[in-house]
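In the part that follows, the structures are each spelled out as structure tokens.
Below are two complexes that have chain A in common, paired first with chain B and then with chain C.
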Partner chain A sequence: MTSFFDVLIGGVFHASVLFLVAAGLQLVFGVQRIVNLACGSFYALGAYFGISAVGWATAGGLPTWTFLPVLIVSGLVLGVVGLPIERLLRTVYKRDEAFQLLLTFALVLMFQDVLRFFWGANPKQLGNLSMSYGKVALGDVSLPTYNVLVMLASVAIAVSLGWFLQRTRHGRILRATAENREMAAALGADVRRIYASVFTLGTVLGTVGGALVVPTAAASLDMPVELVVEAFAVVVIGGLGSMRGALVGALVVGLTRAAAISFYAELEVLAIYLIVIVVLVARPAGLFGKPVE
Partner chain B sequence: MKDAPGRVLLVGVAIVVVALAAFPKVASPYYTTLVLPAFGYAIALLGFNLLFGFTGLLSFGHALFVAIGAYSAAVLTGKLGVKSFEAIVLVAGIVAVIAALPVALLAVRYVRIFFGILTLAFGMLFHSFLFKFYNLTGGDTGMRVLRPTLFGTDFKELDKTTFLIGPYYYECLALLVVLAFAMWRIVHSPFGLHLAAIRENPRKAEYLGVRVHRFRLLAFLISAFYGAVGGAILGVNIGQADPELAYWTHSGELVFMTVLGGFASFFGPLLGAFTFIFLKSELMGATEYWRFFLGVTLAVIVIAFPRGLMGLASDAWTKAVRR
Partner chain C sequence: MNVQRRKILRGLGAGAALAAGPYLGAPALAQNRPLKIGIIAPKAGIAGTIGECGLRGTLFAVDRINAGGGIAGRKIELVVEEETNPKDSIERLRKLVLQDKVDCVQGIVSSGVSLAMGAVAEEMKALTIFWDGTTQDGVNETMPNPRYVFRSTDNECEAVMASLLAIKHWKGKFATVAGINPDYSYGRNNFAAFQALLKKFGVEHKVVADQWPKVGTLDLTSHVAALKAAKPDLVFSSLLFADLPVFMKTAYGAGLMDGKTKFVFPAAGFQHTLLKKEFTPEGMIFGHNTLYFDIENPTPLQKAFVQEYEAKYKDYPHWEADRAYFAMQIYKAGVEAAYKAKNAWPAQDDVISAMEGLKIESLGGPGSMRKDHIAEQTFYQGLTTHKNRFDFATISDVTRMYSDQLQKPQGTDFWKWIETANIKL
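Then we have the complex of A and B:
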């Protein structure tokens, strides 16, 4: 029973991380029709920068418990890198999507060395900071309070994202642009600004995600390229462009991975792609996606 | 090929082949060993571009077939004692076609980005298999590829480099010429025209009686065959098959090379393969941050020169002729 609980909690924790990255991917794809391979790089950037930010904060005399708000703020601030990158992507909006995909691949290559330049080739971590919040007991299992906070933060972000997209004026304009770009523009929506803000929001989701998770796992140079394929699995299972899909897909992938690790470690990644393929055979557009063509 | 442009093309190709054949005689062994992976990639890209440039399907998992080629070479030479390079190339290609069949059956239902993501998923599936099943595949260390025999000769008296830049070089060059000629015939056959019709307008092609899925499937299988032949050449050259060959970033490099050379042209990907290999090796020699500069190169090509080096060359040619 305990092991079942461990799998469940480990899986949900991983899912909450994946959701943030996948949500950024979905948002950018849903509105701009660009598959952003660099979403994993934003995540890694947030993680590395978070480590440095906490280091500065501690050196500046802030008490240890403030590391969580420091991480969140650093993730939010770092989101500004989305703006110049969106400016760069703007040059290929009218081109074939192969070029858009390749440009984001070029970003992956560049970020790899930017991270290496600033933080070195060796993995970095935040020491034991995440344990400083203590543990909570749930029945007969106990888990770090910090992990609970990460899961809650992810849920909070999911809810506010849903509220933003469904209930606010900006969210409606955004969805209208996703539905039909020309019509939205004709009705007075400033598509340029919408694209810039959507891409930045997608970037922020990644950088905040990376910053939130770095106390529990080391930041490494493999992170961007490893994470992006998992995020891909999430969005393909859930359906490209669908937020609900990102949520469900993240849970499927997170739980599958946790279960595979504890029962048959060789299947860790294999199981995820098998599910991807099964979903695509059964429902080509993913669980919540719109049919292709 | 009786017309003037055809003759110019034929002469051009002949010059390039002769230059490549003379290359080991004039260049240092180091540069000659760089040409070998370029041969491998050139062959893989001939297949890749049948899918991308001619059929309009962007595969982001094509490294899967390159890896199948290299691992086939490892299993055949290391485990099964098959040393004939000709047999290895053929078997690697056939294995890849068999492996590609289920992938293709599923993937050809999709186009555009969905096709790319699905092929990426299959590539990663194979990568995690190679990576995790240590007993079968050697895990992250991979498998050794032993030196093959060329047309029954084992060249025992040659050391490794002399073998690679000597007889092996020429056999790979010959293989490239033969496979490029075959691909030329394929894209200029009615089959190739069908593929172009599918790329331009799948619905219209279907209306005109083109069996879109079946043609995409065939193109996919052919490209898998080429990918594995290229992979086998790479495997023998490195002496090792490792899981990174199947990783999605390697697939990305294949796309990079193709766009660098120019996917709209038959010879573009070949030029791209050679340029990429030399560029990468020069950058790696010059700086620790070579990935950054590769990324910048790719960004510049994508933004400013979407037709690649071949596009630049043909613009320059047109200008020169007009004068």
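Then we have the complex of A and C:
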């Protein structure tokens, strides 16, 4: 039973990380109909900037326990990079999807050099900070308190996003714009502003996610591409543009990976993409996506 | 002012002439230009810090050699290129040889690159000395009789030594083992070597889990959960890049290190300063390969290097610095031995012949070059301790072994050698 919980927690933790990347991807696609490959770059940017922010905070004499709020604030602040990028993307909103993909892929490559320029080419880590919050033990199951906080943060972000999209006026306008951009504009919605705010929110999800997760892992130049590849498995399974799909897809990928690693480690990737293929064949729009008419 | 400058220049000239005294008979042309040495080392990605440390070892060697008058009277000039994938790295080798016309190429950390580059260097007749790469396909030597390529010790040396220490310290204290090793030939061979040595020394054991994360995997939560679920008595891990500190943190946080599980990390030295005391318990076997920076009673050379490294880079070196230093010094010794024998500037073939069988003192201790162009060096491993002035774990109870006890002799099959060799614990 203990082993089961260990594997389960491992899967849920990975799902939390994936959700933070996939949520931004889903939000932007859901409203703006752009497949933003650069979402992994925002995640990496958040991770690198978070390491620097904690370094500055520590040098400034802030106590160790403040590193979590410092990371969250650094991720939120960094969300502003979404605004100029959204301005750039406006040039391709009405272009073919291939142009959009090429442009966001160009951003991925450019961000890689930006990261290299500011933080160097070597992976960066936050030492032992994630240990400073101690460990949580439930019987034989033990895990760092910080990992629990990351999982809770993902749940909180999922709930907040759901509430925002379903229960607030701005959320309803967003959904209306996602359904029919022209009609929303005709009814007085400022589509330009909505797009800018949605893209910035998508960016913030990535930067905060990266900043939150980096104490448990490391920041490296390869992480944007690796994460985007896994995030795509999430959105294919969950359904492109669906926030609920992002949550379920992340859980499916995270738990499948954890189970595969436990039972037959060689099948880690195969198991995930087998599900992707089954979903693509049986339900091309994904579990929660809307079929294209 | 001009007169003063001329005096200084004359003085410098006289100093250089004295330093180069034994080599004044060399042809004027050869002495007039510096020796060009091409370095190919990783600067980015998971091996970036490793390449950086190696380059620092090279710079230390070059500074000392140039200050002492150079190699056979010729100063060294470095041309540094980046090691990336095999294809691009080979292009850089071609550029160094054909365009920069270097006298020798050194570097390479990845065996994947050196395996491909070895054949090209042979074809180009380019004297090449690898820091850390082998020319093995798995554990099989692909270039049994190279002429121009010299390579480092076998990658399996550290696994053999760590396995011997594990058996020495813990034989009879473990029955189940688990592995978490990088998913390429290095990780697979190391874990297989560990099991082969357990068998050789009659250690009954059962493998209850084997994890093969891809190199660069930085979320190891599920791998650690799988290891914990298997409840092994001993975990063997040859993780060696940025994934090693992540594994250590994750395993510690998940409680994998709370019990009596024993840990063997043959290549931990690559990440030593990142393995903080808070999540790196005492009593694990750590391999520092061919340089342990904090050894008791270091040689004056190692002491000077570690002190300079700490002062200059605010860091502590690992074995790649030693590999790079060894490559430079064995080349220097080869050129000078050939020069002495010929009493004239030697041709490349003379240098190569002179290097075979040469012994030198490297940063980590004695080293030599076998006749089959494979290096022999001194290896260091021990048990982790927190009793030090650093915030990371170092090793106590340090064992030192020369690699002739750890690597297969010329022309031997690795697995047969393990079975038949007279290996002592």
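Keep in mind that, in the parts below, the second predicted complex is superposed on the first by the 293 of 293 C-alpha atoms of A that agree within 3 Å, B and C clash if a C-alpha of one lies under 4 Å from a C-alpha of the other, contacts with A are read in each partner's own complex, and residues count from 1 in each chain.
Going forward, a residue touches a chain if its C-beta (ideal position, glycine included) is under 8 Å from a C-beta of that chain, and two chains touch if they have at least 3 such contacts.
This is a predicted model, so every value here is computed, not measured.
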Contacts of A:Leu149 with chain B and chain C, given as first, second, both or neither: neither
Touching partner for A:Phe117 - first (chain B), second (chain C), both, neither: first
Partner chain in contact with A:Val225 - chain B first, chain C second, else both or neither: first
Contacts of A:Asp6 with chain B and chain C, given as first, second, both or neither: second
Partner chain in contact with A:Thr91 - chain B first, chain C second, else both or neither: first
Which superposed partner A:Asp140 touches (first chain B, second chain C, both, neither): second
Which of chain B and chain C A:Ala217 touches, first, second, both or neither: second
Which of chain B and chain C A:Leu102 touches, first, second, both or neither: first
Which superposed partner A:Leu280 touches (first chain B, second chain C, both, neither): first
Those residues of chain A which chain B touches in one complex and chain C touches in the other: 116, 265-266
Residues of chain A that touch chain B when the two form their complex: 35, 37, 88, 91-92, 95, 97-99, 101-103, 105-114, 116-117, 225, 229, 232-233, 236, 240, 265-270, 273-274, 276-277, 280-281, 284, 292-293
Touch list for chain C against partner chain A, complex: 43-46, 48-49, 52, 210-212, 216, 218-219, 221-226, 228-229, 241-242, 245-246, 249-250, 252-255, 258, 274, 276, 278-279
Contact footprint of chain C on chain A as seen in their complex: 2-4, 6-7, 9-11, 13-14, 17, 116, 120-123, 125, 127-128, 130-131, 135, 137, 140-144, 146-147, 216-218, 220-223, 226, 257-258, 261-262, 265-266
Complex interface listing, chain B residues touching chain A: 52, 58, 60, 106, 109-114, 116-118, 120-122, 124-125, 128-129, 131-133, 247-249, 252, 255-256, 259, 288-292, 294-296, 298-299, 302-303, 306
